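You will see chain A twice below: alongside chain B first, and alongside chain C after that.
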Partner chain A sequence: MASKAEKTWQDKLARWRRRENILGVLLVCPALLILFSVIIYPLLLNLKMSFQKILMMKPYLGTPFTGFNNYVNTLQDPIFWRAAGNTAVWTLSSVGLQIGLGLVAALLLNMPIKGRGFFRGFMLIPWVTPGVVAALTWRWMYDAQFGIINHILLKIGLISEPIVWLGTYNTALFAVIAEHAWKNFPFAAVMILAALQTIPGELYEAADVDGASGWQSFMHVTIPEILPTLMLTTLLTTIWTFNNFDTIWLMTEGGPSHATEVLTTYVYKAAFQAFNLGKAAGISVIMFLMLFGVVIIYTRSAGRERA
Partner chain B sequence: MNSKSQKVFAAYILLTIFILVAGFPFFWMISTSLKTNAEVITVPPRFFPPAFYWESYLKVWTDASFLLYFLNSLKVAVLNTIFAVTLAIMAGLGFARFKFKGSKQLQMIVLFAQLFPLVLLVTPYYSIMKILGILNSHKSLFLAYTSFVLPFSIWMLTNYFRAIPSEMEEAAMIDGCSRLMALIKVTIPLSAPGIVATTINAFILAWNEFLFAQTFINSPELRTLPIGLRSFMGQYDTEWNLLMAGAVISTVPVIILFIILQKHLISGLTAGGVKG
Partner chain C sequence: MKKRAISLTVLLLFVFSILAGCGQKPAENNAPAPNGEKAKLEIWVYDEFYKDGDNSPIAQATKKFNESNPDIEVTFVPTPYGSSSYRDKYIQAANGGGGPDVILSDNVWVPQLAAMNLINPLTEKLGDKKNEFFQGTIDAATWNNDIYGVPFHADIMVLFYNKTAFKNAGLDPEKPPTTWEEFRSAAKALTKDGKYGFGLLGGWGGSFEWLPWFWQNGGEILDASGKKAAFNNEAGMEATEFFLNLLTKDGVVPKAAFTWKSWDELTAGFATQTIAMAEGMDVLLQKLDSQKVDFEWGVAPLPGKKTQAATLGGGHWVINKNSKNVDAAYKWIDFISSKDNLGMMDAYKRTSARIDADSQEIIKNDARKQVFFKAMEYARPRPIIAEWTQIDYDTIQPAFMSVIHEGADIKAAMNKAAEQVDKIMAGE
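For the complex of A and B:
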């Protein structure tokens, strides 16, 4: 049994700890209150709105609850499915390009070269450029008549006549994906490079002694060592690409005839072109569930990786 | 040449291709901004302007609305950054230095808050701001930008504060400082580089924002720079040299901030990721 003196001492310590922690709570509180009011509350409101009929142009209708009407309408809309399909193509292709290019760039930067800082700094230009500036500049480069891209491709003989990149059904999505991959691959490169630099050289020496080829040591030393970073980077770029609105809106506004319509532009049009806030809220909830699914799949597979 | 130096040589060539592709749109932006109206629509286009034509820059600056857009962006971004970073310093210290119930879960919420598509918030925001009567004002942007600047800043600063050893704080407390004073006098100065990097990152996020500004702002005199740039695009024809001069001016502050802080920015970004 603890003596009385020991007990009071423990009491004191516990009380001191509690007071300590109150300070922590006080420090965290203001930020959390703000976060609650600018994120959690709006999301809950969004959920409520998704069950209401809210037409901005017909305020006299009020905002009656209509059950799952907005969801049913959305799921029956062929353009929703077009947008969902385009979102999948857009996300998978752009993320694939970002990670692929990022990995190659990181491996090159990790070689014993002079001027690494210069190359790395230069490579980061796209990532630092404001999104609006990048999208408008690419739009200008894609210009059918005066654009530099058509000029270069014509000159090297890859195409025989100018292409209206952003105005042609079959090229528009591809063209916006190229811009987005260009803009964002540097993030993947920097993340992967940082991971590569933490791999101890002895691992490669050991692989060398065991007679591994360059490819074998890449597959059995490099990849496993950078896998956690590679997965995290893939998750982040997937979410950011899925969420992207600015690039597509500024380059094509989802056109021509929905060729580049993705879920973000679709929800935006529902809200601010059709002025149907209820339907927009419903689409938002569906998108939220999709993202949630991606994160769950990721945490599951990341957990399995560690086990 | 042995195989090793061959490899390094190949790496140089590939890296050069990489930076040419990465830098080309930036080059094209500058080149276009220095051309005359006629040179912009010359077929075939020329890579370099025959002579530097600075007129577009003057026009963009003397065009009163562009200066206004610039100042609007500056105002919104600066106010938002100060607000968000102040709250984030407090919250970051709270998360990094204290243990309390639910701390882990709250940090997860902060992390996930950054993963939302902003488009999901735009519909409820619109209704809320309509009720509050702050649509078409900079207040709406201030409120809306907090939703992504704040969680980002909290997350970055929590990581920075964790990396600062707490021994010096304890030493200050033995010398009679209160816990709070120890944090203010020791931890915050020690993490100054991290705070500066977070501030600049937060500023850039707000500076570049497009979606909310385009949705909530109606009056031309309240436009921020991204919306102002977009408005240079005409319905039928666009003066690309003017637009590109505006683009260069909008990019320069960001690039300067970035060059100053390149090292911190990169280490800050990768700190959370690499440990996995």
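For the complex of A and C:
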């Protein structure tokens, strides 16, 4: 008897749970539908377009399927490889600088210095400056005729004649990287600063008692404690930097002679200068796969971290 | 089980109805006005034309239009000028079946929008009125034998030169160069002590300033068939070599100019006497007038060769393919581009594209503006093909830049560009 009662009771519970699951699914449905319509559907459409020939300025050609033509054309284009190489340099250097500068700034601003609140606010200025304003200001600063950077370098005698920073093949990419790192390091600094403030003081006291030097307590207390934040910040800045378009577009448009061409400017030119939507879709699929790789590497290493 | 299926269906229907509601467009407010209802016109203009909001000259002029056309309501939407900010925004909206009724379009965009089938042909509506505008401005809007835009303002390229610098270099400040060789020797004489004879918007590779030289020597971008590149033929190459040598071998252009992309940068170069000569349009005149400079300067026609030629820029009014008020839209365009509104062009300090623009106050009273006006006779629009921007950005500019920055051979670079142009024109 007792077992039967138990069984029905368990039955009821199981049924209730099933129903709850269905309710859960139903409640998630709207979100899924929206996700589908604004992310998955465009993504699939983009994937389909990447196998079509779509020249907007030649509508009479129709939009025939051309197999892997767009991908083959892209991968055979030497400018694509130049853009891919530049994207790697651009992303690695800028993210490295952003995290490095952010870490240093966060450590400094975490110290009990006078006017700390003021400096914390002051540091945010590049981050809150509109991108257009920042890029155009830096363009003027880099100008070979009127720019303050050349003026200062000439004054202190580091260079004997002005350098055309944005117009010289070897300096243009690093010039735009400097602007981008300056503009975006405050985000990393704020994230790291927040993480630094969650480290309990006892950890440092314990390290101190154990006779750890300043460097040792930094390496064995500070770094492990802020590592999850560092990783997440690095992932976010990597995605943002990889996808950044306006900085380079406003400063050089990828020039001179593709010296600052990155994949975002390359895909923009395919889509809105050549109006070749099929090729542009193909390039963006390639870019998506690249970023997807970064995210997978991150989730793997983050998973290991937790385990 | 049944109950559950029903509740699931109801819920899904509910969700779908919400989503469907989102997708549905709100009732179109610009449907054709049957009786008593107003036709609503949305017009995009470059933000500089609407700087003062309702007090902007174009809005003031339109008041008169409203009085005689109470059944039409005009709304202006100022939009930042630029390919990505303005043209692409329109392309996206119009491709989605929407967008404004009328836009002011840069003349190089007109064939592109026409090829994409996003604007209406206006040949019939315009009729004989096309003779009221300079031929070059009508040519600029003519694509596949149809006129797609009504000319509004015209920007013409002339030579700006520093008279004081001419005097200091032992040149006659009242005799600006009239031939290529005179130009080159003047530029060389003006280049000394950190100052340069010539400057340009080098961030674009110089293709913008190159076109007049190229045309003056009889060069053409495409051959008669309109399908094959012709700019690397003998006449074309002679002009291109002359022009690119100014930028490289002759050394009369400052290196700094190779990053300049905006009129502000060119203005600064000229105003600080870094460069003594520049090819510029109306906007450069305006910008220089607004600066205090301690030297004398003037404008002159560009130096000529076999023929005379100058680049013609400017804006056209075009009507969206999706507009439900095409007639009302054309009525307004006809009004705004009429002779009665030349005064509005004065307020903007712009040259009208009308052949009677010389009755504008700013032209009558300014000898310099007459130089611009006279150049209208031979001013030419950039090649009137949808592919021009792509050809310019993807083949000619990179070719020039490879010569300027990487020391590439001019002939080889232009031949390579010509091959790419053939591919573009073939739709490959």
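One rule holds in what follows: the second predicted complex is superposed on the first by the 268 of 307 C-alpha atoms of A that agree within 3 Å, B and C clash if a C-alpha of one lies under 4 Å from a C-alpha of the other, contacts with A are read in each partner's own complex, and residues count from 1 in each chain.
We take it that a residue touches a chain if its C-beta (ideal position, glycine included) is under 8 Å from a C-beta of that chain, and two chains touch if they have at least 3 such contacts.
Predicted model only: the values in this text are computed from it and were never measured.
For the composite obtained by overlaying on chain A, chain B and chain C cannot both be accommodated without a clash. By the touch criterion stated above, A:P30 is placed in contact with chain B and with chain C alike. In the superposed pair of complexes, A:L108 makes contact with chain B only, with no contact to chain C. In the superposition on chain A, A:G96 makes contact with neither chain B nor chain C. In the superposed pair of complexes, A:Q145 makes contact with chain B and with chain C alike.
Annotation for chain A, partner touching more residues between chain B and chain C: B.
Judged by the touch definition given at the top, the superposed model places A:L291 against chain B, while chain C stays out of reach.
When the shared chain is aligned, chain B comes close enough to touch A:G121, but chain C does not.
When the two complexes are overlaid on their common chain A, residue A:F272 makes contact with chain B and with chain C alike. When both structures are laid over each other on chain A, chain B collides with chain C only at 40-48; the other stretches in 40-48, 130-138 or 418-426 stay clear.
Of the residues of chain A, those at positions 26, 30, 34, 145-146, 249, 268, 272 touch chain B in one of the two structures and chain C in the other.
Every residue of chain A that touches chain B in the complex is listed here, in rising order: 20-21, 23-28, 30-32, 34-35, 38-39, 42-43, 45-46, 49, 54, 104-105, 108-109, 111-113, 119, 121-126, 128-134, 136-138, 140-141, 145-148, 151, 155, 182, 186-187, 190-191, 194-195, 198, 228-229, 231-233, 236, 239, 242-243, 245-246, 249-250, 264, 267-268, 271-272, 277, 280-281, 284, 287-288, 291, 295. Residues 4, 8, 11-12, 15, 18-19, 83-84, 88, 91, 112, 115-117, 202-203, 205, 254-256, 258-259, 261, 265, 268-269, 272, 274, 386-387, 389-390, 393-394, 398, 401-402, 404-406, 424, 427 of chain C touch chain A in their complex.
Considering their complex, residues 7-8, 11-12, 14-15, 18-19, 21-23, 25-26, 28-29, 32, 40-45, 47, 87-88, 90-91, 93-95, 97-100, 103, 106, 109-110, 112-113, 115-128, 143-144, 146-147, 150-151, 154, 179-180, 207-208, 210-211, 215, 226, 229-230, 233, 240, 243-244, 247, 250-251, 254-255, 258-259, 262, 266, 269-270, 273-274, 276 of chain B touch chain A.
Within the complex formed with chain C, the residues of chain A that make contact are 19, 22, 26, 29-30, 33-34, 37, 55-59, 61, 139, 142-146, 162, 164-169, 249, 252-253, 255-259, 268-269, 272-275.
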